Amino acid sequence: MKRLLITGAAGGVGREMRKRLAGMADILRLSDIADLGDAAPNEELVTCDLGDEAAVLDLVAGCDGILHLGGVSVERSFSQILNGNIQGVYNLYEAARAHGMPRIIFASSNHVVGFQPQDAHLGADCAMKPDGLYGVSKCFGEAMASMYHSKFGQETAIVRIGSCFEKPLNHRMLATWFSVDDFVGLIEAVFRAPRLGCPVIWGVSDNDHAWWDNSAGRYLGWVAKDNSAAYLAHIESTQSRPAADDPVSIWQGGAFTQDPIFKD
Amino acid sequence: MKRLLITGAAGGVGREMRKRLAGMADILRLSDIADLGDAAPNEELVTCDLGDEAAVLDLVAGCDGILHLGGVSVERSFSQILNGNIQGVYNLYEAARAHGMPRIIFASSNHVVGFQPQDAHLGADCAMKPDGLYGVSKCFGEAMASMYHSKFGQETAIVRIGSCFEKPLNHRMLATWFSVDDFVGLIEAVFRAPRLGCPVIWGVSDNDHAWWDNSAGRYLGWVAKDNSAAYLAHIESTQSRPAADDPVSIWQGGAFTQDPIFKD
Amino acid sequence: MKRLLITGAAGGVGREMRKRLAGMADILRLSDIADLGDAAPNEELVTCDLGDEAAVLDLVAGCDGILHLGGVSVERSFSQILNGNIQGVYNLYEAARAHGMPRIIFASSNHVVGFQPQDAHLGADCAMKPDGLYGVSKCFGEAMASMYHSKFGQETAIVRIGSCFEKPLNHRMLATWFSVDDFVGLIEAVFRAPRLGCPVIWGVSDNDHAWWDNSAGRYLGWVAKDNSAAYLAHIESTQSRPAADDPVSIWQGGAFTQDPIFKD
Amino acid sequence: MKRLLITGAAGGVGREMRKRLAGMADILRLSDIADLGDAAPNEELVTCDLGDEAAVLDLVAGCDGILHLGGVSVERSFSQILNGNIQGVYNLYEAARAHGMPRIIFASSNHVVGFQPQDAHLGADCAMKPDGLYGVSKCFGEAMASMYHSKFGQETAIVRIGSCFEKPLNHRMLATWFSVDDFVGLIEAVFRAPRLGCPVIWGVSDNDHAWWDNSAGRYLGWVAKDNSAAYLAHIESTQSRPAADDPVSIWQGGAFTQDPIFKD
Amino acid sequence: MKRLLITGAAGGVGREMRKRLAGMADILRLSDIADLGDAAPNEELVTCDLGDEAAVLDLVAGCDGILHLGGVSVERSFSQILNGNIQGVYNLYEAARAHGMPRIIFASSNHVVGFQPQDAHLGADCAMKPDGLYGVSKCFGEAMASMYHSKFGQETAIVRIGSCFEKPLNHRMLATWFSVDDFVGLIEAVFRAPRLGCPVIWGVSDNDHAWWDNSAGRYLGWVAKDNSAAYLAHIESTQSRPAADDPVSIWQGGAFTQDPIFKD
Amino acid sequence: MKRLLITGAAGGVGREMRKRLAGMADILRLSDIADLGDAAPNEELVTCDLGDEAAVLDLVAGCDGILHLGGVSVERSFSQILNGNIQGVYNLYEAARAHGMPRIIFASSNHVVGFQPQDAHLGADCAMKPDGLYGVSKCFGEAMASMYHSKFGQETAIVRIGSCFEKPLNHRMLATWFSVDDFVGLIEAVFRAPRLGCPVIWGVSDNDHAWWDNSAGRYLGWVAKDNSAAYLAHIESTQSRPAADDPVSIWQGGAFTQDPIFKD
C-alpha cells in the first residue's frame, strides 16, 4: 500500500495501530480531532473533524486503504454521536466513493449487540440489539457500509470490536478481549484478500470464554491466536467477581446497557 | 385511546389514515411540515419539523399512541434524511420517553432490504440490505426502536411498509402491495395487543406474489386479508412486463436501487 | 375401531369426547377416578386409578386405540402428579406394550413451553420450558412416548393442548384456543393415518393469534378449521385487557407460571 | 408466446397439457418418440428421440418456451434412462443455448426425495434422497439446470412433480396429488414472471396432507388452489389402508423405493 | 466455597470427584446410599436415600454448591428410577429452594439422546431421544432444572455426561469419553462463572471422534483439553471392531438402546 | 483389508495413493485407462475403461474396499464425461452390489459447489451449484451413492476434494488445499469406522482460509492436520494476487466457472 489512512489515530487503539502498522504502507496518514503529536518520517498528520464533509473529502484523497477508528467510541450525547458517527460515516463513504473506493476497515462495536445475553452464542448474522446511542450509531454505520457495497461495490470489513487492550482487564473481557496482535493480523488479512466483499467480523481473540462465532469470515484466512485464558488466574485473584444480577454479568454490552441518554 | 398522534399526516398514507383512524381515538393529533388543511372537530393540527427537538417534545405530550409516518419517504439528500429520519427519530423517541412512552408504530420500509433479490423469501430476522440513504435511515430507526425497547421498555411495532396504495400499480407491487384496509387492521391489532414488545412486521397484504413471511408476528392476531392477485389481469393487460434484467425485476427495492446519492 | 379407550373421561375434555367420539368405535371404554355416570349401550365404564399398575394393565386390554386424557391437568402437589402423570404414564405405556401397542393420543400440554414468551413463534421442535410440576410431568410423558416409539415401535400422537373449550374465554385464549371440533378432527386424522410415528402436534385451532406452527404435522392431513377471531369482539367488549406486565400477557403458560410448588 | 414446445406430449401429463395449453402460444410444437396422432391447426408434431443431439437441436429451434415432460418417467433400465434423461437433458440444454435460451419448465420428480420419510416436512432446499435410477437421473437434470443458469443465464423452473392425475388415486396421493389445473396455473405463472431464475418448485396441490413447503417459490405469484381432501372420503371408502410398514406408508417415493435395478 | 455437596459420592465418578474436588471447598459433604468409608478431616459423610424428602432437605442445608451425581445411573426397574431419579430430583430441587438455591451441577446423561444416530452432529438444542427409562428420567431432571430456573432463578449446569472413565474403553467411547480432568475443569468453570443460568453442556472431551457441539456453552470459558485419539491405536489393537449393524455402532446410546424394561 | 481397489491410479492423486496406501491392504488392485507402469509385488494392475460394464464388474470382484478416483477430473466434452463419470459410476455401483458391497470412497469434487461464492461458509448440506459438465457429473455420482445407500445399504464416503497437491499452488488453494497426508488420514478413518453410512466430507485440510465446515463428519474421528497458512508467505511473494473481479477470486470453483461447453 502506498498510503493507509488511520482515523481516530489519537485514541487508544489508534495509537497502538500507528505503531504497529507503520510498515504496512509507504505512508501512514493519521487523522484525529485531538492532538497527534509529532509526525514520524513516513507519517502525514491531519487534524480533521469527521463531521466536516469537505475536510473528510480531502482527508481520503490519495489513500489506498482506510482503517476507520474515528468518531465517538463510548456513550455520548446524540449531538456528538450525530457529528462523528452519523455525519462522519456518511462523509467517509462519500469521500471514498469520490477517490476510487479504497478498502475500508470500519470499527464497529460489540455494542450493536449489547442487549444480547451473555449465554447467547452469535454468528455474524445475529439480530442487532444495540445498547445505547453509540451502539445505534454503529448499526447505522454497518448499514451504510452494506449499502455502499451493494450499490457501488465499495468493500468494507465491518469489525465488531470487543475490548481491544493490551490484556483483559476484568471478568467480562475474558469473553470480549481482542488482542492488539490479533487485530493487526486481521487488518493484514483484510488488505491481503483478493476480494473482500462486506463481511461482518467479530473483533475478538480466540478466548476460551466465547460469545461469538467467526467461522463465516474464515474465507479471509484470519484466525485469532491469542486467548484470554492466560489472564484468568490473574483476574480471579485481583478482582472480585461481579454479581449474577450485575449487568456486566448479564448483557454482552456490560455496563453500557446502564448508561442513560446523555445530554449536552 | 384519548389522543393518537399521526406524524406525516399530509403525506399519501397519512391522508388515508387521517380518514380511516378518526374513530380510533377521541382526538387525532395530526402533524406535518406541509399544510394539513382544516381541522375536523376531533382533530388537532400541528405544523412541526421533526428535526426540531423542542417542537417534537411538545408534539408528543398528551398522546396515548403514535403512528409515525413522518420524515422523508423516498431517496433524498443526506441532509434532508438526517433532519427528518435521523434527528427526527431521536427526537421522537426522546419525546416519547419524556411523556410516558406511548406505543409507537414506526413506518419502516421494504427499502431496508432493497438489495435482497426478489427470489429470496424473508422472515423478519433476515439480513438488512438497504438500497440507499433512505433505506439506511430506516435501519437506523429500527435500531433506535430496538434500543429504546431494551433499555427503557418503550414498545414499537416496526412496520416495513411495502407499497401502500389503493391498489397495486405495477408488476413489482404484486408482491409489495399493502392495502390500506390491511394497514388499518394492523394498526388496530397493534394498539389492541396487551403486550406489544418490539416486533418487525412486514407491511404487506396476503398477496399470491410473496417475498416476506409474517408468521413471527402472528402473536398480535393480525392476518392480512387483501390479495394483489385480484389486480393481476389488469396490470398484465395495461402495462408492459419489465425485462428480466431490469432492476425492478431483480431487487426487492426495485428502482430505488438505481438512485444515485442525491446532493442538495 | 372395535374399542377405543378414553382415560380421564369424566373431565371437561373427556366428557366432550365421550359424546363426540361415540361413533368412532364399536365400544367406548371410559375410565376415570371420578364418577362417570351411567353407561350408554356402547360404553364400558371403568373406575381406575392410573397409578395402579395392575388396574391399568386390565384397562388397556382389548383396546385398539387410546385417547389418554387422564391424570392431573393443572398444577398440583408433586405426590398427586407423581401418581397420575408419572407412574400413570409408565403404567399406560407398559399396558399398551403388553396388549399389542394400540395407537395412543397423549394429551400433553402447552405448559411444557409455558415459560416461552408470547412473541416466540414455535415449531414442534422448540425448546421445552415447562412452567410448573405439571408441565414437567408432561415433558416426562413426551419423553416416555418418544422412548417407547424408538425402542418398541409404539406409536403416539403427542398433542400439546392449548385451551380446549367451547369457545375462547379470555385474551390469552385467542392464541391458545383449541375448538372441540378441531380436536375431534385431529383424533380422526391420527387414527386414520396409515403410519403415525410419534409426532408432536400443537393442539390449537387456526387462530389469527398464533404462537405455534403445525406445518411439521401436515403429513397427517389434519388442518384446523376454527378461528378464535370470531370471538375477538366479544372478549374485547366483555373483559378488561390484561396489563402488559401481567404474566398472562408475557408467558405462553399464562397464570400457571405464577403457581407456587403446591404441598399436600 | 409464439411457439411453445412440449416434449413428451404423448404421455399422460403431455396429453393433458396439449389440450390445456393450446391457447398459451400461437403454435404448440409437440414432440414424442411415441405417436402423437393428428395435428390440430395450431400444432406442429415432431417425432423425436431426445437422445439424438441433432434432432433435439432442430426441435428447439424457433421456440419461445419449453415444457420438458419428455424422457423416462418411471423406473427403467439404466440404458433407457441414460438415453432419455441424461443424454436427452444435455441435448435439450445445448439446443436451448444455441437458440436464444427460451425459458424451460423441467419436469423433475418427487422421486429425487423418494427416500425421505413421509413425516419429514421439506422445503425446496432439502437434501436429495433419490429412490432409484430414475430419481438419480432427475437429480442430474436439476444439477444441469442449475449449471446452465449459473454459467449462461438460462432460466428453468424445476418442478418436482408429485402425482399429476385427474384426481388422487390412493392414500399416498393425498399428499402428492398435483391437479392438472394447478399445474396449468404454475405454467402460466412461470411464463408470466418478468424474471424466473432457477427455482425448485414442488409440483403439488394445496392438499391438507402435506410433505412439502412451497413458500420459497411464492415470488412467482403461484399458489395452488386444489386440495386432495375433497377425495379423502372416497379413497377411504374404496381402498384398503396400506399397512404402517408398507413402503407406501413410510417413504415419500412410495413403491418406487422397492423397485430393483432393471436390466434391459 | 464453604461446603460443597457431592451426591452419589460412592459411585465411580463420585469417588474420583471426592479426591479431585477436595480443595474446592472448606468442607466436602458426601452422600450416598452405599457405604462411603471413612471421612477425611474436611469431609462430612451422610447416608441418604434421595427418595426421602426430609432427609434430602437436611442434606442440602448449609451447602453453597451441589454436584448431583446421585440416583440410578444405568437402566433399572421403574420403581428404582422413580425413587432415585424422579422423586429424588424433586427432593433435591425443593431442598435447594429452601436453602438459598446453591448452584447445582446436574449429572444428566447422553442417554437422553441415546436413539440419535451416531452420524448426527448435535448441538445442545437437539431433540431428546431417550433410550430407556433411565434416559427418560434424565429428560425429567432436565425439565425440572429448567422449570426451577425459569420460575425461581435456581441455576443449574445440566451436564450430559458421555463416558467418564480414566480412559476410553471401547470404540464407542472414542466419541463419548469424558476425561476426569475435563470434568473437573468444567466443574471449576461452572462454580467460577459470575452468572450461570441453566445451560446444557455435553460432558465430553475434545475427541477427534465427535457427535456433540459444545459451542453454545463457551460463555462459561470451559474448553475440553483431552482427546480420545491418544487411545485409538490401543483400542484398535486390543478390541475387535463392532459390526456396522451392532447397536453400539448405530445409536449414540449404544447398548442401552437394547435394554428391556426391567422389572423388580 | 485383503484387496483395495484404486481406480484412476495413473492420475496425479492416484499415483500418490498408490505409494501411500501400499500398507493398507494385502493387495492393491490398481486400474486406469492410462499406463500404470510395472506392478510392485503386492500390486495387481488392470487396464480398464470405466464405461465398460463387464470390465468394471470383473475389476471389482474380490475387493474389500474401493478408492474411486477414476473418470474425468476436469472439464471435458459431454461424451467423455458421460462415459467415465456417468456410465462409469453406474458400472461401479452395480459391480459393487454384485460383489458384496465393499465400502467405497467416491472422489467427488468442490466443483459441485463451484458457483458458490467464496464468502459463503458451507456445511455438507449446502445447495449444489455445479460449475460445468464435470461438476454436474459429480452431482450425479453423489446422487447415485445416496440411492445405493438408501436402497441397498451400500456405504460410500463422498469426498468433495478441494485441491489435492503436495502444497498449495496459488491464492485460491489457500482455501482448497487438501494435503496428501490429510487425504490418507481420511481414507484410514473411513475404512476404520465400524459404521460409515453415506456422509459428504469436504476434502480439505485445516486451512486458516476456510470455506467449508466438516463438523458433520466428525463422527468418523477424522480431523485434518495440515494448514495452508504455512505456504501463505511463499504464495504472496511469488505470485501476483488475482484481481477482485477475477473468477478465481469470486467463485469457489475458480477458473472452472469460465470453461465453455467443450465439444469433441
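Which chain is which? They are A, B, C, D, E and F, in the order written, and residues in each are numbered from 1.
Here, contacts are C-beta pairs under 8 Å (C-beta built on N, C-alpha and C of every residue); 3 or more make two chains touch, one makes a residue touch a chain.
All of these numbers come straight from a predicted model, not from anything done at the bench.
Chemist: Under the document's definition of touching, what chains do chain A and chain C have as common neighbours?
Modeler: Where chain A and chain C share a partner, that partner set is B, E.
Chemist: Can you give the shortest number of steps from chain A to chain D, where adjacent chains in the path must touch?
Modeler: 2
Chemist: What's the overlap between the neighbours of chain E and those of chain F?
Modeler: Expected: A.
Chemist: Between the options C-E, A-B or A-F, which interface matches E-F on more than half of its contact pairs by residue number?
Modeler: Residue-number overlap above half with E-F among C-E, A-B or A-F: A-F.
Chemist: Examine where the copies chain A and chain F touch and state whether the two sides share over half of their residue numbers (same) or under half (different).
Modeler: different
Chemist: So, what's the distance in Å between the C-alpha centres of chain C and chain B?
Modeler: Measuring from centre to centre gives 41 Å for this pair.
Chemist: Could you please state the distance in Å, as a whole number, between where the Cα atoms of chain B are centred and where those of chain F are centred?
Modeler: The separation of the two C-alpha centroids amounts to 53 Å.
Chemist: When you check chain E against every other chain, which residues touch at least two of them?
Modeler: none
Chemist: Following the definition at the start, I'd like every touching pair of chains, please.
Modeler: Applying the touch criterion to every chain pair yields A-B, A-E, A-F, B-C, B-D, C-D, C-E, D-F, E-F.
Chemist: If you look only at chain E, which of its residues touch chain A in the complex?
Modeler: Residue positions touching the partner: 155, 192, 194-197, 199, 215-216, 218-223.
Chemist: Along chain E, where are the residues that touch chain F in the complex?
Modeler: Listed in rising order, the residues are 118-119, 121, 171, 174-175, 207-211, 213, 229, 232, 236, 241-246, 248-250.
Chemist: So in the complex, the part of chain B that touches chain A is made up of which residues?
Modeler: 78, 82, 86-87, 90, 94, 97, 112, 115, 125, 127-133, 135-136, 139-140, 143-144, 146-147, 150-151, 257, 261
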